[in-house]
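The two complexes that follow have chain A in common; it is paired with chain B in the first and with chain C in the second.
Here is the complex of A and B:
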């Protein structure tokens, strides 16, 4: 087990002699993407023309299929097969693992007559064309025996239980301290069901060669997908070759395998030809996971100087009855502000809705919508600036565990953000600034998101032409992974970017955990770095042991790698010359990373501060963004362009969270009424005005050998709260029910006499 | 039903199911995978192509409606070795992440630049009879039919501005 002490020593990444670390190089796969030539899962070349699959889905929330008639579908033109639960191929029972090391258990499709959620797959058609498959799927006749289901979250809050295996965290005596606090806030905030709405719907193309299946699918986790398919089909995972080279967005929603993967593989096996299958946009809303709604009660008790003495964040959320998941919306608050008396915890309602699961910054993203507004409310009661209130509650050590922070620049984020944004222009009293029909206001919020490192491996080879190829079972969901891995490999080996190839998204490659939890860059990157260091060792041994090398005889400890050369002072040769001569078949090594045992001795997070300026239309209640700015501290930044894009993308998600995004449940069917992109509104070009972000200089030597941290999720954390606080500052209307749509804002303005 | 369209300068005759959208004809029958299917309902813009020079959502249009039309897809704008100026600007400005909306954004931008040059007004113009000044607000308004869930909007606007500036 490694130690954080091992990570503190200088290394090629931290020394950055080639200057590639941090540089805003263009995306590695960029030319493929701007020319439309990157093949996504539905678009790959198969050995022969694929047949096309199409799913029919359930129209009730709960019950069973009383009768299903597929005769008309079977007789429809071009149809090759029609499956329902009556004739679907045998699959392993749900939740089983034939191989105990499988990362995901079996998840069979069409396994019984039971309906567990609206949109569940109830029939599968394969036909010669998309048009024929879709038409036939619509001919499947189904009669349901519906049963009452729990689909209304707010009406079911009284059914909430402690999540399995979890306890509330009590520190000090919260009830007594809260009762004694001279200034207090006790408010409840509601965030709705949200949907990932990745631009690329989930899709799979599958074909078989004997007992082995090849699947190209859109998934964030290579091994998880491979194992889920193998377990479900009850075949060895070695017989599943899973590829996921280009992924049209993930955001957590593609962290698991869905029915497209299972059905495409089963269909291809049954027909003896390639089959491909994509979710429709409507099916994505119900057939894949969503972020659950969260109801959050925040109680803050403070002294007149602003110091918090009592602090409670309690979150109630929901998940599907048979897929337990807890949105840990209170967790972030355990590390954010000092307060001696604390209570945090979660409650969970099991419902008959589609599955809840991780979506960009699970926990923090909805959770910060509550506390970061409650702090704004408390600041106003205290007559303090919201930044000053946060500074007065800045902890010296982790407020819950007492552990030291690895590095924490939250106060600097807030101060520098305030200066850059022009926070001094903000009027402490709300409703003071008017611009024509617009009321104008400013708000801010803090950002925190945990940092993680998981075990990973990577392989790297150098060939006789000097080209270095990094291979890893990692994914790039738009986050820039191809690019930052190429930068890491090139900087570690002292070669230009053009000399590096990155191959990913293949279950045959050394495994990495994939993209999620903003652990991807640190985890995959650290393994890639380690593989590079091992290649340096191998090439050093090769050179100093080769009588034909100018480096012959060493000393090995003086060997350097720069500008494509391996050198000892003025004795040098190119890597290509060395390999071509001494190892013409190439050199391949692997590397790995695992979390350091003593990393747990530190409280480790990424931080930021959001600033938002909005205009609120006094006639319609419409909120328009005017300006948004963020300052973030997230370790060493690998690529200025791609990291900033991650962060500003997250901030824009915060705008959607604050203003438009919400899936509304139809209580009759347990469905989402708004199940397409005209009804579920994500931000569009015109919604985003003057939005920018910067990173503070930082390196976190407790994080990993490179001192980097994740940036994929930090940007959304707190962003929506900054917008909500700006709406209050503009109007004097304190809304606590996201999203803050015109009808809610208008009702609030009418209530205060506007 | 036989339909002949000219795609990226090449005449192509297809005899496919009359329910086939222009998008599926391009993707499934002509192998032009650059045009993407994000919603199949004209809500996301990922399928945007140019028909007779004007941008349309190819998912909302049946192939059989386009007999004799000139269609330009992302593949017809440039190649990896010889990028169109808008493609080059997207690359340099990092105007994408996952890349799935990107061909549609680029085709839409090319169509939009021509619309602006031709004097088409927009919702945000104060004087709809005036010459179009492609400010950031104009670009945002005119590009709002193309969703980017990764939310690379600031970079997309910067990329288009750089091209619009060069052309002006």
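Here is the complex of A and C:
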């Protein structure tokens, strides 16, 4: 196993001689995307004209299909196939693994008459056109035997249990310290169910060639998808070729395989022709996972000088009865502020709703909405500035584990953010600033998000024309992965960007874990870097061993790679010349990364500080952003442009979280009230006025060889709390129930006589 | 979507005949509402008669006011220089509706006849008297809807009319000009076009089957300032939780009833010299008050009063 010490020596990325690392390079695949010519899964060219699938979905939350009649659907024009649980092909039982090494188990569709959630797939139609398939699906007649289910989270809080295999973390004596604390806060914050609403719904195009199936699908994890399909169909994973080259947003919602993948493959096999299938926008809401609602109780006990002596963050959340998932909304608080007496933990209610699962910054995103407001409330009680309160509780070492931080620049983020934002303009007293019909206020919040490195591989080849091709079973879900991998490969090899090709999203390529948990760039990138280093070695050997090379016989340790050349001092040739002559068939090598054993000796996170200024309409309670600014510390930044769009995108998610985004279950039906984007409101352009972010200079040499960290999720962490604190500062109305819609703000304003 | 046939109308009268003679037929204009509803299996016409390309898409001067073609698209109407000059309340209402792309397709007539945004109307697995008469109203006991009616609702339906444009047309005293299946034309005040739900929420207007809206007639603007304000969760591209249009001493409210709501009590109170707050109270005290909508009633009252005050600061158009 490697050690973080192995990563300390300078390398081509940290030396950055070509200057590509950190540069705001344009998107590698940008032109394809803006011209509409990047083929997404539903749009790829199949070997012959695909038939089109459509799913019919359940109208109840729990129960059984008592009767299903597909005759009318079968007789409908253009219909090629109609399946229900009565005639669907056999699949492996749910959750089983024929191959113990499979990353995902079997996930059968139409497996029984049981209904486990509203919107579950209950029938599958394939027809010659989309319209015919949809029309036929509407003709499937179903009678249900409904059973009562647990669908109302707030009404079921008493059923909350310890998540399997987890225990609360107690440090010191929280109850005693809390009771003794002269100043305290004890509040509960609610955050709602949220949906990912990716632009591209889940979709698959599948075809077979003998026993082998090719699937183009929209999924964040290549191996997970390949294995889930293989297990479900009970075929070897080598017989599944999964491709996912362009993905129109994932956000965690596409971390797993859904029914489109299984049904398209089964349908294509049954019909002997390509089949494609996409979820409709409406089906995405129930047919894929959501972020669960979270109820969080925060108790803070402090000394008059602001030092925290008692600290408790407890989260209650929910998941589907048969798909255990815990939104670890309290975890982040274990690493954020110093306090000797601590209690953190989670409770889980199992419900008869669609599956809960990861959504951008799972844990932190809903979790920080609570503590970062509670800190604001405590600051006010103490008469302290919220930044000062946080600084007074800045820990020397990880407050829970006592481990040293790899790097931690939270205080600097807050200080520099405050200076840039003009925090000194904020009035400590709420409701002091009026601009026409707007009450104006400012709020801030800290941001923290873990940093991770997973095992990954990468392959890189150089051909006789000098073109370097990086291949990896990685995904780009719109974050910029293609681009940063091209930068890493080019910088490692000392070639211009134009000389590099990146191919990914293919199960035949060396595997990387995919996109998620903001581990993608560090994980895939480190493997790509390692592959590049191995290619340098191979080319060095080739050159110094080739009598026709100007480098022949030279000392390998003096070989440099710059400007497309391989050189020893002034002896040089182009990589193209070397390969064309000495290895005309090209050179291919692989590389890999695995987490360092001693990385766990450090507390390793990304940090930031959010600043928000809002206006609240004094008549209607409408909240509008006026300004938002963030300062972040997230290791070495690979690409100024893509990193910034990730971070500001996260901040915009925070705005949606604070103001508009929520789904509500109708307890009579166990279904979500919002099933389209006219009802589920994400921020529109007009909502985001003046929003900007900067990164601090940082390199985390405990993170990986490149000293980079993740940025994809950090931006959302705490962002919504900064907005909520600004609403309080504007109005004096403290809301603890997200999102802060005009109705809730108005109710609060009425209550305080506004 | 169910199979259907399609024809492009050659002229207004043949369009009217085609729809009047076929109970499964509907007019199609921009399609931004009708096609969505067809895809969701909510509307199930068997025949579409496309009136979007009939030549009534312009603006003419008539008696100091304007005559706006029923097929004119919302974005063109909002940009028309005479409309901007005379009816700023209409311009504000138009541009606060939907999105730029939708307004480029949405027509005057289609906008007036768009259907409710009640979430249960959109979910075909739920009872809804408007979608399926007699099945019940899921909204009555349902998840709180910010678009619920507070005036003129019935036990059968508490949905509101979502159009912004219609609220401005109502306050301006506009009327629609129609072509009836007999070939005669008639005019109908916009405020009389839509019905309250009563026991038949599926019947939304007083138009006869096949009656085609050919134009909207705008009388000269009233004396006094014009204001349109819309409350919504995000800054653009969201249906209103409530809206208010003011033109001189006239006031209309949006998203509060099954139709754009002319606030006669406010107008009477203002005419009698009441303050804006008192006038708003005169209307809102008549609202159908329930636990569900108490907050909305408060919101609409505040909004109306603020808009009336604001209108006093505006000059006559």
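FYI, the second predicted complex is superposed on the first by the 754 of 754 C-alpha atoms of A that agree within 3 Å, B and C clash if a C-alpha of one lies under 4 Å from a C-alpha of the other, contacts with A are read in each partner's own complex, and residues count from 1 in each chain.
As a working rule, a residue touches a chain if its C-beta (ideal position, glycine included) is under 8 Å from a C-beta of that chain, and two chains touch if they have at least 3 such contacts.
Fair warning: this is a prediction, and the values are worked out from it, not measured in the lab.
When the two structures are aligned on the shared chain, A:685 is found in touch with chain B and with chain C. In the overlay built on the shared chain, the residue A:141 is in contact with neither chain B nor chain C.
Of the two partner chains placed by the overlay, only chain C lies in contact with A:741; chain B stays clear of it.
When the two structures are aligned on the shared chain, A:131 is found in touch with chain B and with chain C. Of the two partner chains placed around the shared chain by superposition, chain C is the only one that A:660 touches, whereas chain B remains out of contact. In the superposition on chain A, contact is made by A:479 with chain B only, not with chain C. In the superposed model, A:200 makes contact with chain B only, not with chain C.
In the superposed pair of complexes, A:669 makes contact with chain C only, with no contact to chain B. Put simply, chain A uses residues 131, 135, 676, 678, 683-686 to touch chain B in one complex and chain C in the other. Against chain A, in their complex, chain C makes its touches with residues 1-3, 39-41, 117, 119, 122-123, 125-126, 138, 141-143, 146, 231-239, 241, 295-296, 298-299, 302-303, 305-306. Touching chain B in their complex are the following residues of chain A: 24, 26-27, 29-40, 42-43, 129-132, 135, 196-201, 246-251, 278, 280-281, 477-480, 641-642, 645-646, 648-650, 652-653, 676-678, 682-686, 688-689, 691-692. Residues 59, 77, 118, 131, 134-135, 138, 282, 437, 617, 619-622, 624, 659-660, 664-666, 668-669, 671, 673-676, 678-679, 681, 683-687, 741-743, 746-747, 750 of chain A touch chain C in their complex. Chain B meets chain A in the complex at residues 16-17, 19-20, 24, 27-28, 32-41, 43-44, 46, 73-75, 77-80, 83, 87-88, 90-92, 94, 96-103, 106, 136-137, 139-141, 143-157.
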